[in-house]
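As written, the chain order gives the labels A, B, C and D, with residue 1 at the start of each chain.
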Amino acid sequence: MFQFKTFVRYSETDQMGVVYYANYFVYFEAARTQLLKKEGKSYGQFEKEGVYIPVLEAHCRYKSPLFYEDEITVNCWISEVKNTSFKFEYEILKDGKVAAQGFTRHCCTTKDLKPVKIPEDLRKIIDKYKR
Amino acid sequence: MFQFKTFVRYSETDQMGVVYYANYFVYFEAARTQLLKKEGKSYGQFEKEGVYIPVLEAHCRYKSPLFYEDEITVNCWISEVKNTSFKFEYEILKDGKVAAQGFTRHCCTTKDLKPVKIPEDLRKIIDKYKR
Amino acid sequence: MFQFKTFVRYSETDQMGVVYYANYFVYFEAARTQLLKKEGKSYGQFEKEGVYIPVLEAHCRYKSPLFYEDEITVNCWISEVKNTSFKFEYEILKDGKVAAQGFTRHCCTTKDLKPVKIPEDLRKIIDKYKR
Amino acid sequence: MFQFKTFVRYSETDQMGVVYYANYFVYFEAARTQLLKKEGKSYGQFEKEGVYIPVLEAHCRYKSPLFYEDEITVNCWISEVKNTSFKFEYEILKDGKVAAQGFTRHCCTTKDLKPVKIPEDLRKIIDKYKR
């Protein structure tokens, strides 16, 4: 499991005084791309080699709100690996409690968004973080 | 069913050249709040009366990408009404084809995010758009 | 002068209860790109022909706050045209009063951000909106 | 001078393949609020005590583009302190080179945005970072 730590920026709040709901997906993205980077092949490098990893589906369950300046940890791992798609799972923790849970399902494509097989080096990373 | 029309802003794209996935939830929010406004009671008025309508759960299925300057229509309606929660459903259409589908599940709360019953005027709007 | 009308989205507010300051630049961008589109050559088309129009400088003076659901008008025109750069000027109006003023200075470049002369069709648009 | 380090998120890029221009102001905000936090009084605490610090004016000069995954440093200090307003100055550095420069001018207000004198504890922080 990969852990990404960050803090809530003012720009991420809305007038309800909590993090705007769409921004949880930005935290998810930061976590999954930092995971790839840590494994030695950044998302940017995949793109340079012509491999794009678009999102097919995204989901979040909001359990308790996040506030400005909160220190949060995003736990991130892999589930449901198929031939052409796989899932990142996420948990956002604040003070050791789960504040939100979610997933994103992805496939691999060319720049023109035509599906391709998951490349070998990505598959290795997927296997490592599979739970 | 309510229809909200908008166009894709440059700020909403990412370096893949398509709309960044979290921004679909911004379109969803614009659609549901315009629905309330059209029904004579804007989301802002609910907040002024102490009724907040946070998101409990959000989901989106991405079918075909959206590009800069695309004219899109967000169809929006209600499903699964319970005592204290309800669901907005969405379809994003481009050139008459469904580019994405999603939902957001909500409850009603006080400013301190304590749950309250769905107020009568909101329930009327919910009933009108229930499918 | 070009007029772009829009309304404030919930996602654009912050916990101060007003529009987050960086989002004024998103309104500016929406206005200048709609201006180009109205003149028959969208920003996307310029990019497809290999002409990019990056921002060299951006400025905004905030006079009175914008709130959720405010209906706003962005006035947009051109000033200070030089050989390789030009300025868009903006005024954001709410209820007929100026809520903010700003400018963005631009040049034209290739995709690799190498400077090029302002193309003839862009120059015509610039001349039309010059004040 | 205060130094804030961060990295460019995918969500911050646009289809030109670089950081969207409005997001530089988000980096500026992250830097100035981290500065306050480091000095023992976070922006959130000022707000809880009824002191708001809105932006009166914002400016950025873009020198060289920022790309996805770039590690950046935002240098942040204070200039032009007046009775009721002051300026944060910023420099965004990448690989030791200045990629952008900017400032934000602020005043202090109540929640209703009525101007108030700069409180004593904020003035101490201002004096410490004055250049």
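Operating definition for what follows: a residue touches a chain if its C-beta (ideal position, glycine included) is under 8 Å from a C-beta of that chain, and two chains touch if they have at least 3 such contacts.
Note that this is a predicted model, so its numbers are computed, not measured.
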{"item": "Relative to chain B, chain with the most remote C-alpha centre", "value": "D"}
{"item": "Comparison of A-D and A-C by number of C-beta pairs in contact, larger one", "value": "A-D"}
{"item": "Chain centre separation (chain A, chain B; CA means) in Å", "value": "23"}
{"item": "Where chain A and chain D are represented by their mean Cα positions, the distance between them in whole Å", "value": "27"}
{"item": "Length of the line joining the C-alpha centres of chain A and chain C, rounded to whole Å", "value": "32"}
{"item": "Residues of chain C touching at least two other chains", "value": "10-11, 15-16, 18, 22, 26, 29, 68"}
{"item": "Touching residues (chain side chain D, partner chain B) in the complex", "value": "10-11, 13-18, 20, 22, 68"}
{"item": "Chain A - residues contacting chain B, complex", "value": "15-16, 18, 21-23, 25-26, 29, 47, 52, 54-62, 65, 104, 111, 113"}
{"item": "Chain C-facing residues of chain B, complex", "value": "9-11, 26, 29-30, 33, 37, 42-44, 67-69"}
